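A short worksheet on the structure shown next.
Each chain gets a letter, A, B, C, D, E and F, in the order it is written, and its residues are counted from 1.
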């Protein structure tokens, strides 16, 4: 634990120093044309932020927690909770600034807004307060890291996870967010990503996959959900919160937000049905877990597309992803044999990639002038999308491996066998979920 | 399952063809005066829509799921989840258009907005985007059908339920919604229904009652709630979401929405207390389930009245309904002997009727000029309310019976006895809720 | 039960008469300059109100319910639920009026707005409907009383609790709310309390402490959480709802609301981490309950400060309170030996006091002109804060003791030993939480 | 005295208990157990991961009775727990040397 | 060797265990069971639907002891599980032919 | 016939069952129990309040077998439940006078 703290302080210092030294001469943040604050837009964005927060705490925590084995449920919940808390802290310390303030060579922002320096109560970002924009973005950073935890559960030491959060958020999330949303090189390339298919889901999915290769398999790789009612609550709250995630990414209270809302709802519903019917056909039983899994796949796939495609696009994206992710989870994973406990790669990674690509196909300029896909005469978009996806995959894969190596220097990453058998709730937290 | 799909396609085709053939000459949708988009109204309505979504997924699913027997909890949850997903899909395909686009003889809308054709990102409905209006209405359709499931649980085949959703939504919900809200004949008659007492609750309540007559009793008709903490969460989320349902029905962010909010809160609180104290008097124990049931009764009863009555009206409606529904559930049901598993008729039907009638009594023109009740010198309103209620009851009862007959042609409606005994979670879904 | 009703009617009458007689000559409510309704502000405040409602129902109910013993979980939930319902009713009857309408000698309001008389659909409070302001305030009253219940659980008769709600809300909450927010003497003194640290948390914390002295210890004072997943859901919903509580206290959709949001998020996250790391250091295990407890401590402490301090202030407040509350709960309570079952004093009382004092230190006029703390050259503020805290403590302590004496006249306050052993779910409600 | 231990199908408990009570049996103790035997379990499939449920929920009834009642009790259980399907369960008879009622300190047959 | 099976009130477990440990007993196994007997159950009413709770939660303690300790153990349980109310429970004594400690393969009295 | 009652570590159940089935054992009944013995429990600390978990989750396996199989079954359990740590558990052998299969009314060794 003490080790943890000192490592953290070290990282913090190195980060701060290095960015300042290397990039001190970077250009100053561009002045933005500042229209007046719109109370309606602000109202929506405050709520959207709260909704995205709810996705991690408790949405994801419950979705993952319910799927964990009975003896690991609290550890699984704790991973999401601590991620949200740590990410919240790091974001105001340096995350926001490095991702969104200025730009250095298209790669990273600057540190001038560390501790939100210069972000005044009346600073605006578009028509909403900048501080609101900052906390909205914070919730995205938090959930991205938390998503990864689902792959690692039932074996990873809690202290190693805490260290992982700090490193991965700093070295992977913040730069990638800058590339896509902060004026970095992917943004400049014209990659379409309405609400974070690449930054959030592909990013998390690949990190999950890479991590489980390094972590190794659990002794018992069976999925034995301790409480599917928690999974139902979690999936529902994720859907509910995702309206903030996707419709909130319009950054305004307008028709585009409404369209993103409708697309999100449609693709999710269709994906849940697609998964359910596929499963029904194949195993003869439509499961609640299947419906819930389909929902998540649909939500992920529509994320990059929500503000670009029309309703028909949404239906198709939902149907495709519900169908394909069923197989990525039930066929591909067993075939390849990696132990992605809760299918973070199989759902977030795969659906994220499908969504990013299909955005390049279905983006309808009648919905949003900013995006024109293959079907509307712009095949080049597909290429741009592919590049953006590949860049993210490569960067994340390498960095995640590196981060595990760094952690290994300081501590064991896995609990020992006995701790794994008795469960991480007891060994890591000294608690039991239920006293029924 | 394949049967299910082919049936669905058939229905879809028939519906599309028939409405187009018969009603092709229907008048075009009336041009509406289109004021500018208001970001505040839009912000509220986006959130209201998300709130109503939350009522079904997971609100109702948990409320019902917690009340089901341990071996049927997932099936009960699945019924709500699949309803929301299917309704979401059907709504954008043809539901919205038939309910809200144009009007043919006061009975049904047209198909010109199938797949939201013509609903542009900047189309407005009042001061909010039309696409937002459409998805808001979608959430109402979904919950109405989902409500019915509570009556049928612990015995109905999942495939039969899926088919029921499609048929009932198409043949009952959409037309009735058109009559009351889409410019159909009840709207023209001047029936007051602020947020859907008739369309949603009476409609669902009667369908529930009719259905259980046809389905027959369960082998074990005892109520053995597997998890009352889920019931508490579900009831609370229903209340929370209902603010979107009722205050959202103002379709704007204004004093009327606020009044509807306050009325909703007041009637619900009073009804919960009324039920609790009645029960306390009679069985000597105030139960958590009683408090939760009273809440729902209050929410239902205030639904048609929320934007019409003043605070005193709300208190009285709440008190009356909390008191009466206690008896409809504990005395009337055993006396009449139908097996309405979770009291969908006893609560939604009865409270819906009480609310609709009392709206005709307490509607206060000082709150909303559009409504003037008996107490304010307009006894005719009471008559109009009664007609609207009766029309809905008769139509729903007949159509629901018909729908069950149709389903019977294609498949068995009930699971067999052994499946009922081992529970529907296992027989329909092959899952278990808890591994504790 | 009958006794309960007659007592209630009595109180009501006495209250109404006395205030009217004594204060009939009080000045009329000041006319306020009434700007136009802002739909954005209204949208946010509608949502904020729903969010604060969610804090009690089901947030607090689950947080407390999950921590209760298995045999007392429903009773614990019922205490929160019935509180919200009763408070909702009493608030529209007389609570709002006495707290917020007019002012008599700085001590109490008037009864002219009983049953919201004169609060029209288009009456405004600032830029939002007055009826919305009223229901927003209602949710604060409800949660304050509900908070107290956590200290008394597992021993108090449900009927005694019902009576307590009525008395405490009328005799403690309403006056104190008037003093601080309704134009009463503390408001006039210039005490800073953005969202209710004093009125809500210190108030509840002291009432909790005083009550447990009078109630006496439970036979089994061990904390045996029946279901920590409920605690996780409850804590998360409290955090989510608290955005409405704190950012909603800006009463507008603007930069200040955004700042309050960000401060709330930051302090909460930091406090959760501070508690977790402290615990990790001391007991070698970071617990989920510790993280959740730290969250609540952070939320409480930032409450008075949310709209006054900057981000650095939030971090410090969070860190201090997470650290100190760990000890107030694990060291101070055992040492002093009172049986505050769920640490209402240890968390709400202590964190509330810390927050109120630190607001006087860190209030930054760059955030909010209305507040200037010690660090910004205004040491006097610290004194004002201290006075406000002390006044509340003394008043609440005395009144709570008095209220218990009054209740004792009418009924036993504790269940008997056997009922305590078999659990309050069975003895008070005749229900069981789980049939798994 | 003997202890009769019967492993039965859970949904037969109500019937069996009813019949025993009618026959004058005044006490019994039941336990939720899981059984493994000729009755095959089933599979639950969570995201393609097959969970074999080998142990099937059963109820164990324990009744201590005087020797002369053993036959009667066995007969009742046998009749009322019977469905004819594999998995109906077993009855075991185990010797009991003594019994004590805690409340009254009675011993032997008085105690049960 | 004998196995002493005691069915007791759940809230007496703590007392009984404490007393047994003090007397030198080093091991026991407990099970959550439900009992039916002279002690009446209660009714729970959910929306007017009465759920009769006939089976009352009890704890079963199993202790295997050498013959010479039987009396002592019975006495301790009897004293510490006693409240005097109906439902206090029973103690049964059952013969045990052998015992083995898995860890050490010890047999007989050594094993318990 | 004997009833073999084995108290084992929960995570050893799979192994033991597997081995028994391979050896030809066709039925058994298992119960979730909690054990107290030489193996020390642990403490859970909830907000500073220490909850001593003295009773440790164990699995009780009950198998009724003809006398001639007793040794074999004991041996298998002993081998497969063994870890060498305190808390591995016990095996008790209890006489059974008769067994009945409810489905077929078979008695004695046929029944198990």
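Here, a contact is a pair of C-beta atoms (placed from the backbone, for glycine too) under 8 Å apart; a residue touches a chain by one contact, two chains touch by 3 or more.
Quantities reported herein were computed from a predicted structural model and do not represent experimental measurements.
Counted as hops between touching chains, the shortest connection from subunit C to subunit D is 2. The pair with more inter-chain C-beta contacts, choosing from B-D and B-E, is B-E.
Here the CA centre of subunit C is 52 Å from the CA centre of subunit F. Centre to centre, using the average C-alpha position, subunit D and subunit E are separated by 18 Å.
The distance from the centre of subunit A to the centre of subunit B, with each centre set as the mean of the Cα atoms, comes to 34 Å. Rounded to a whole number, the gap between the C-alpha centres of subunit A and subunit F is 46 angstrom. Residues of subunit F found to touch two or more other chains are 31, 45-46, 94-95. Looking at subunit B, residues 38-41, 43-44, 47, 224-225, 227, 233, 253, 283, 285, 287, 289, 430-432, 434, 436 sit in touch with two or more other chains.
Contact between chains, as defined at the top, is found for A-B, A-C, A-D, A-F, B-C, B-D, B-E, C-E, C-F, D-E, D-F, E-F.
Touching subunit B in their complex are the following residues of subunit E: 45-49, 51. Subunit B contributes residues 1-2, 5, 37-44, 46-47, 49-50, 53-54, 57-58, 61-62, 65-66, 73-74, 77-78, 81-82, 84-86, 88-89, 92, 115-116, 120-123, 128-129, 131-132, 134-135, 138, 158, 227, 230, 233, 253, 428-436 to its touches with subunit A in the complex. In the complex of the two chains, the subunit F residues touching subunit A come out as 11, 42-46, 53. Those residues of subunit B whose C-beta lies close enough to touch subunit C in the complex are 38-41, 43-44, 47, 51, 69-70, 224-229, 232-233, 235-237, 239-240, 243-244, 247, 252-259, 261-262, 265-266, 268-270, 272-273, 276-277, 280-281, 283, 285-289, 291-292, 295, 310-312, 315, 366-368, 434, 436. Subunit A makes touch with subunit D in their complex at residues 221-225, 283, 285, 287, 289-290, 293, 329-331, 333-334, 343.
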